[in-house]
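The structures considered in this document are given below.
Next, two complexes with subunit A in common: one pairs it with subunit B, the other with subunit C.
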Partner chain A sequence: MNEPAIAATDLAKSFRGGVIAVNGLDLTVPRGSVYGLIGRNGAGKTTTLRMLMGLLRPQRGEARVLGHDLWNAPRGIRQRVAYVSQEQQLPPMKSTAQLCHDLSRLHERWDSALAGKLAARFGIRADAPLATLSGGDQRKVAVLLAFAARPDVLVLDEPAAGLDPIARRQLMEEIVDFLGDGGERTVLFSTHIIEDLERVAEHVGIMDRGRMVMAGRLEELQTGMRRVQIIFNGAAVPEGFRVPGALRSHAEGPVLTAVLRIGSEAQLDALRATPDTRVADFPLGLQDFFIELLDRPLAETSPSI
Partner chain B sequence: MLHFQLNVHTGVPVYRQLMDQIRHYVASGALAAGDALPSIRELARALAVNPTTIVKAYGELGHEGVIDIRHGRGAFVAELQPVWPAARRRERLQVLASQLAVEARQMGASDPEALDALRGALAELNGSNHPTPPNS
Partner chain C sequence: MNTASMSPPRSALPASFTERAILCNLIRQEWYLSRGPVVLLAMIWLIGLWILVIFDHPAYLIAIGLCHVILVSPSQAGRDIIDGTEEFSFTLPPGRSPIYLARCAPGLAFLLVNGLLGSLTIAYSLPQRLWSLCFSGGLTDPFAPVSAIHWYGMAVLLPCAAHAVTVALAANARSRAVVNYSGMLGIAAAGSLMVFGFFLEDPLWQKPNGFIAGPMLFAMTVLVLRGGQHFYCGKEATGSGGAVGGVRRAGVLWFIAMLMGLLVCLAAFFWLWRSVAVRSSAEMERTLIRQENSVRQLQLRQQQIHSVPTPPVQPERDNH
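Coming up: the complex of A and B.
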């Protein structure tokens, strides 16, 4: 059972008009782990999730969830996977209670007690038609339905979008409970809220322009990313001085700051040994790292006019 | 339950922050020998962090001898706190001392000022080990 819960190789998808949404993406989510996907708007996160869920046909590559391509997987497999999309289409005239009743007949593992508990906890009026609920409440219903199906794989596309801070916290607590319920639960979620990700994710993938630009265990990213500051004794950073392995560097006067991924502290010791300098290093939170990695100067992102 | 302050933007992994805070609570006497730590699920939920993070923090503290993990019963502050070998203690103190020295110098603190601050911090810990009884 060492097969990953989710595995995608070389996924690609472009849309009419030539927009390339996903371009050669690899993604592996081990069973029983929590994977957080981050990236700027338009990085291709939603398209990726939709391909994984078998809702969109990739033009290239392969996407497997629990060993199956969900595009044509048997119902038994599909039932073990729950997906909450950004624009959930829930039947507007039905109430949460009716919807739960319908789903309980379709899903073998439907947990009515959990559905009721979550509705109470999220403050959802279970007998009100969904159309009368606010956007945030409708989102909570979609999340509630996903949890109550007791899936092995839970995929959430920006679950916290549009939720107030209390609802967001409740959502994170429910995810934590879901993880600790004894089953081997796998969660893949995309988010812009890096704090949420740093709390629950074990693996992180950073997407940019349809590709995975960085992926790894959160802990390794956190301990391996450093901001290094090198202050030269002279008036300026010497011409041609480079920090090996720097993802980004910036020189101003005698100060060179760089962001790098280190494999071991020895790499920093080598830098500290640079003659006539003072070297300081700082840990880098994921949020800072994300900004450093993706906030390119305009000149690089858009062609000059 | 004891308060744990997580600061997720610092880049310090959450399990390490937890370990540091539990060590601090033990050192300051807020947690005494034999005290029970919150269960993994309880703490995971309270902090909204992945249960594996708590497992990892408890596991490492157990390995260090700061806490005892009794299977099926939970985690407890160890009766005897671990004694570090002198060489390892010196090495670790050296690292912390040079951090303090560098920062003190950078902010323009005099040497006596820096030493006073350290003495004060130590005195505070000693004080809280033997709390003065409240007025009663």
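Coming up: the complex of A and C.
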């Protein structure tokens, strides 16, 4: 099927006090893929996910999941989508078992066996009221509930936050299992942990100040990003020298460092042909690229990116 | 770890997923969460009406209904705000509208049962009739049902209207402060409307009879519940961080509005009380004057009787 699992176009949302959380965001998540959303704190990831889930109403643009606006989608569509929010709060007086029982009466595809398996795997006390569980355990319960609903689209907002490394690894494995479960299952998750992203994501979107500044397949981002150093023979970088297609560049003495998204080696060859210079290029990992791209004062961020 | 408890107890039965079944499941879940105070109120209702038989006035039903509005209705309708679970609830398959209905239905059902069954119980002195099967005497007289017909109507309608306002406010609240005050605000609003209805009835029928207040409260219940549902369906989810308690600026405004509502309510009550009291004293005065007049007339008559010499009794004549 060609229709993407999740599609957002020109999405915008601001809050009281003039805080612009999301501004003209475009996002497309293909069916059957894992899409990782990264960005600095306050980049608008959570607001984007909440708009996609029909929890917030966009001020501009539209957000569609499985072809529907979840704000007023029919139950048949809503039950095909599961969400774990950043600060997931569950009914504190209920136990995991009670919650599973209640949800099994609301979700047609509820998988009790999977819920039991995950509870055992995560080491959750099923009969204890959720209020008595630790924050990490409550988060595990939230993840468990999302998986047990057997959704077609799983949206996770920083799912690993508050989890210990073992639980984090288990969660990532569950995501992989979930995808291999048959059907076109789609996962959209936001995270700050690049390692998790590299482990499971196929597509990556980088958000900054409410916009998608970079999106593409993970391999392309991993292999296509280069840090290029151009060392001039003189004492300083010549005035007005620009590296074509540079996402970021800064000069220090005779050395100009630029971050480039390389489409082909010809691009580098053209740089090497610059007279009176030596050119060195280094592959950039996703984490380095993320830092190179976004580690700057907000005022310096180019609006044209 | 006991993982067997993770599977639904009735997993052998095929679960039904019609809209009605989903709504029933939501209502059942709501009932489960708020059953404690509701059972307590039901016990108080039962003991006061049927066992001790000491409360034989519909005001008792109103009191129980308003206790429900204060204690249970806000926590039922505003549970998501109190617990910070609005995101969780809004992402459940049923969506906002059935959730709203499920939040309002158990309270409304309790108040209807409390008002209707309680009114029947009191109006027909059912507990006394029941206990008279075992004992020969009773401690209380039955309340006259006909002369206090508006009380019975108010026993049903006043708590329901207060519940409706409370549910609409608490469900659409964005802070815990509003949820906490919603019960009192609901009572103030419904009480004010009732008194206003009585105020209109007074010049028309010379006494409050509920002919205007009753329909007004009924209309308020329906309109407010429907309006609350409309706003709830358009409500953006409050994140768990956004629902942190404490009195904010909006909370302070609500508190001031509540105080003003209460003051208006109290003023209206006092006005009504005074007018009833004045009318009662005027009627009493008139009754006294009538009694005095009749006593005077009696005395006058007696004087007339004593002053007029009685004619001597004539011996009976035999006409034959």
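Everything below uses one rule, namely that the second predicted complex is superposed on the first by the 296 of 305 C-alpha atoms of A that agree within 3 Å, B and C clash if a C-alpha of one lies under 4 Å from a C-alpha of the other, contacts with A are read in each partner's own complex, and residues count from 1 in each chain.
Note that a contact is a pair of C-beta atoms (placed from the backbone, for glycine too) under 8 Å apart; a residue touches a chain by one contact, two chains touch by 3 or more.
Keep in mind the model is a prediction, meaning the values are calculated, not measured.
With the C-alpha superposition on subunit A as described, subunit C and subunit B fit side by side in the combined arrangement.
When the shared chain is aligned, subunit B comes close enough to touch A:L284, but subunit C does not.
Our angle of interest has its tip at the CA centre of subunit A and reaches the CA centres of subunit B and subunit C; in the overlay it is 150°, to the nearest 10. In the superposed model, A:R50 lies in contact with subunit C only, and not with subunit B. In the superposition on chain A, A:P58 makes contact with neither subunit B nor subunit C.
When the two structures are aligned on the shared chain, A:P159 is found in touch with neither subunit B nor subunit C.
In the superposed model, A:P151 lies in contact with neither subunit B nor subunit C.
Looking at the shared chain after the overlay, A:P4 reaches neither subunit B nor subunit C. Taking subunit A as the reference chain, the count of touched residues is higher for C when subunit B and subunit C are set side by side. Within the superposed three-chain model, A:V34 lies in touch with subunit B and out of touch with subunit C [touch as defined at top].
Contacts of A:G210 after superposition: neither subunit B nor subunit C is touched.
Once chain A of one complex is fitted onto chain A of the other, the partner contacts of A:R199 are limited to subunit B, with no touch recorded for subunit C.
Of all C-alpha pairs linking subunit B and subunit C after the chain A fit, the shortest spans 24 Å. By the touch criterion stated above, subunit A contacts subunit C in their complex at residues 50, 53-57, 72-73, 75, 78-79, 81-83, 85, 87-94, 96-97, 100-108, 112-113, 115-117, 119-120, 123-127, 142. Interface residues of subunit A facing subunit B in the complex, by the touch rule stated above, are 34, 169, 172-173, 176-177, 179-180, 194-195, 198-202, 218-219, 222-223, 225, 283-289.
Only residues 6, 8-15, 40-41, 44-45, 47-52 of subunit B touch subunit A when the two sit together in their complex.
For subunit C in complex with subunit A, the touching residues are 1-9, 11, 15, 17, 19, 21-22, 25-26, 29, 33, 79, 83-85, 87-88, 90-95, 234, 236-237, 239-241.
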